[in-house]
Amino acid sequence: MEVTPADTLEIKQQLADAIRMLARAEIVDHSGHGSARRDGNSFFVNSGASTRGTLTADDIVAVDLDGRLVDGAARPPLEFPLHAEIYRTRPDVHAILHTHPRWSTVLTSVGAPYQVVCAQGALLGDVPVFDSPLSVNTREMGQQVAAALGRGSAVLLKSHGAVITAANVVECFALAAYLEENALRQYHAMQVGTPYVFSAAEQQIFRERLATPGLFKKTWDHYFSKL
Amino acid sequence: MEVTPADTLEIKQQLADAIRMLARAEIVDHSGHGSARRDGNSFFVNSGASTRGTLTADDIVAVDLDGRLVDGAARPPLEFPLHAEIYRTRPDVHAILHTHPRWSTVLTSVGAPYQVVCAQGALLGDVPVFDSPLSVNTREMGQQVAAALGRGSAVLLKSHGAVITAANVVECFALAAYLEENALRQYHAMQVGTPYVFSAAEQQIFRERLATPGLFKKTWDHYFSKL
Amino acid sequence: MEVTPADTLEIKQQLADAIRMLARAEIVDHSGHGSARRDGNSFFVNSGASTRGTLTADDIVAVDLDGRLVDGAARPPLEFPLHAEIYRTRPDVHAILHTHPRWSTVLTSVGAPYQVVCAQGALLGDVPVFDSPLSVNTREMGQQVAAALGRGSAVLLKSHGAVITAANVVECFALAAYLEENALRQYHAMQVGTPYVFSAAEQQIFRERLATPGLFKKTWDHYFSKL
Amino acid sequence: MEVTPADTLEIKQQLADAIRMLARAEIVDHSGHGSARRDGNSFFVNSGASTRGTLTADDIVAVDLDGRLVDGAARPPLEFPLHAEIYRTRPDVHAILHTHPRWSTVLTSVGAPYQVVCAQGALLGDVPVFDSPLSVNTREMGQQVAAALGRGSAVLLKSHGAVITAANVVECFALAAYLEENALRQYHAMQVGTPYVFSAAEQQIFRERLATPGLFKKTWDHYFSKL
C-alpha cells in the first residue's frame, strides 16, 4: 500500500489536528508525539522541536524504521524507536500516539492497575504497564515497549505516559481520549471508595458497540469543536 | 396540544442551546442528548451524530415513541428509548436531558447515594440509581429506567450518567446543572469529612422557593453568558 | 456623606466589575450579589434577575434599608436583608459581597473551621460560621447574620456561601478572593496532611503589611486582566 | 559582562513573557515577580505594582543590589532582597522567578518533602524548604533564603511559594513550570497511594538529557502558545 500525495497531506493534517486537540485537553504537554504509518518501512511523525499546541501539517516529517528522514527537514522526536518498533511488529497498527496524561500516569505512579470504570474505557481492554520511567529512545527500549504492548491497544509507561495504537489516526485519537477519561473517573472514584469495575460481559458489549468509525469521528469532532 | 412552526423553531433552538451549554460545562460529552416533547406521541431530539459543542437547531430531529423519524433526516441517538419510555409514562414531562456528568457519576461508581448538600440540590429530591452501566438502547431498558425514575425528577445510571426530566427545556437544563453542582460539592466534602445533609424541612423550603421560572431562567442566562 | 452622580456611576461600575470578576473565577454563581453603601439609609446592589457574568452598571439599583427601591426599576435580590442589616449595625462597612465559593463552603459542609494557611488569608481574621443553610431573606435572619459577623470582616454561611465586608468595593473584592484562595489551599492541604496554621504573630504581620489600598487594587487589576 | 541596549530590550521582553505565561498557568498570582541579572551589581525586575497577566517590557525596571533604581521609574517589589541576595552569592545565576504555585506550596503546608516523581522534576534536584511563611523583604531574610538555596536550583518557601534560579530566563521559566508539574503529580499520587520516587540513577539520566536549551525553549514555546 503506497500513500498518494493527497493521502499524505490528509494524514499530516490529521496528525497535526490530533496532537493539537490533545494539547488543548492537556493530555499532551510540550513533548508528546504522534505518528501514522506511511508504508511498510516508514511513518509520519511530528518533529521533535515542533510546538504541540500550534502544530500544522508542515511540522510533520517522515522517517524510516531506523529513523532516517525520508520526507521533510526537521528531526523526528528522540523517542522515534517507540513508534518504529511497534510498526515493525504490528502490521495492523497504522497510528500511534504517545501522550503524557495526568490521571493515567498518576495511576502508574502509585502502582494502581488501569480498570474499566466507564463505557469508553472498555475499548482499551487490559492496559499493561511498562516498568520504567526512562525515555524510549533506543531500539532496544522500543522493542521492550512493543513487547509490553503485545496485541493490545495501549500500554502505560510508569510515571511517564501512555502509548495508544489503532488502525487510523481518528480512532487512535479517540482511544487516547477514552484512556484518560477512564483514568480520570477511576482516580476520582478511588479517592472516596472502590469504583465499580465493569464485568467481562459488560466490557465485551461496549467493545462491540462503541468501536465504530462513526463514534470515533464523533469524539474527534467534539474535541475539534473545542479548539 | 399541538406545537406550531414557531414553537418548533423555539424548542429546537432551546434544545441546541441547552446541550451546547452543558457541553461547555463538561456535563455533556461527545454523546449526551436532550429531547423535548412534541405531542403525545413524538419528541424532538438532537441527532446521534451531531457535534454537541456546536449544536444548532438544524441538528434537532423529531421521532415518534417507536423511534420513527417524523421531522428531519438524521438518525436519533441509539438511546432514544430512554426518552420515549419516559414520555410514554410521564405525561407531565416535556423535556429530558441525558448527561454524562463527572461528579454525579463518580458517586454511583462507588455506591454513594446522592445527598442534598446545597440549596439547589434539593430541587432534585431523592435521586435513585439505575443499577446497570449499559446503554439504554432497547424499549425494555427504557421501561426499566422509566420505572426507576418513577415520579421523580432525575435518575442516575450507574457508572454511566444521569437522566433529568422537567416541564420544559429551561427548567430541565437548570436541574441538570444543579444535580451536578450538588454532586460536586458532595464529592469534595466526602474527601475531607462528612457533608451536612439538608433536613427534610430545609429541603422542603428550598423546593418551594427555588423552583420558579425566574430562577431557572437566571441559571440558563448565567450559563449562556459563558458560551 | 452624600454620593454625587459621578460617585454613583463609579460605584455602580465597580460593583458590576467586582461581580463579573467573581463570576469568572467561579466564586459567584448565577445568584450571588454585591452592594455598596449609598448613604446612612440606602445602598446600591445588583438586581436579583441580573446575569452575573455580563453585569453592567445598568443592572445596579439602589434600595433603602427596608428594601424600598430608591434608584432604578428592577427588584433587588430576595436576600437584601443580609446587606441592610449589616449596613445598619456596621457604619464602618461600605461594601458587602455575598458569594457562593466552592472551597470555603465545602469547609462549612464538613464542619472544618476556616484556618489561616496563607498570607492573604490572614486579612480575614477569624471567620465565624452562621449555622443555617437557609436564604437570608428576612430582617430577622439578616440581623442574625450581622450578629454572627460581629466586628469581623467575613462570615461563612453553612453549606451556602460567604459574606465579605469592607470599607470599599475594591477592598471587598480582594478579601472575597483571598477568603476563597485560603480555603482552597486549606482544603487541598487537608487531603494529604495537616496544614500549617499561621501563628498569631505571623497573622498580625500580614494584616499590617498586606491590608493596603495598593495591594487591594493590584489584586483587582489581576482579576480584571482575566475578564 | 555589560548588557547592550538590544540585550536590555530582549531581556525585558523575556521577563514580561515569562511572568505572563506563569500568570496564565496560575503559577504566578497578582504578586509574583521575576528578575534577570543586568551586571555584577544590578538586575532587571518587574515593578511591584505591575499587573502580572498583562505585563509588558515597560513594566520592567532595574535596581542595584541595594534596591536603588538604576533604570525606570516604578518601584521594585518589596521582596527585591530575595533577588539581590541570591545574585550576590551566586554569580552563576542570571535569572530568578518567585512564584506562588498551588501544589508545590500545599506540599510545604503539610510538611511533605518535594520528591522527584516525573522526568522533568529531576531537573530541580533536591528542593529545600525555607521554614518561614513571611515575606522576604529584608536583606537578612534574603540572605537566609540564599543560604537555604545553597548551590541548588530552587527553594520552597513554607506556605508561601517558590524561588527558582537558572542561567537565563528561558531555562528559569521551564524549571518553574517543571517544579509545579512535578508537585502536582506528587500531590495527586499521594491522595491515592505512595508515588514512585525516581532512583538516583534515573534522576541523573534525566538531568543529563533534559537540561538542554532546545528542551527549555520547547517548553517556553508550548506555554507561549497558550497565551
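Every chain is named by a letter (A, B, C and D) in the order it is written, and numbering of its residues begins at 1.
To be clear about the criterion, a contact is a pair of C-beta atoms (placed from the backbone, for glycine too) under 8 Å apart; a residue touches a chain by one contact, two chains touch by 3 or more.
Just so it is clear, the structure is predicted and the values come from calculations on it, not from any experiment.
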Supply the minimal count of touching-chain steps required to go from chain A to chain C.
2
Looking at chain A with chain D, do both copies bring the same residues to the contact (over half shared) or different ones?
different
What's the rotation, in steps of 5°, that superposes chain B's Cα atoms on chain C?
90
What whole-number Å value describes the gap between the mean CA coordinates of chain C and chain D?
33
So the centre of each chain is just the mean of its C-alpha atoms; given that, what is the distance between chain B and chain D in Å?
46
Junction residues of chain B - those touching two or more other chains:
191
Overall pattern in which the protein chains touch one another (line/ring/star/complete/other)
ring
Touching pairs of chains in this structure are A-B, A-D, B-C, C-D
Report the residues of chain B in contact with chain A in the complex, numbered from low to high.
23, 29-31, 49, 51-54, 102-103, 105-106, 108-112, 133-135, 158-160, 187, 190-191
Going by the contact rule at the top, pick out the chain C residues touching chain D in the complex.
117-119, 181, 184-185, 188-189, 191-196, 198, 202, 205, 209, 214-215, 218-219, 221-226
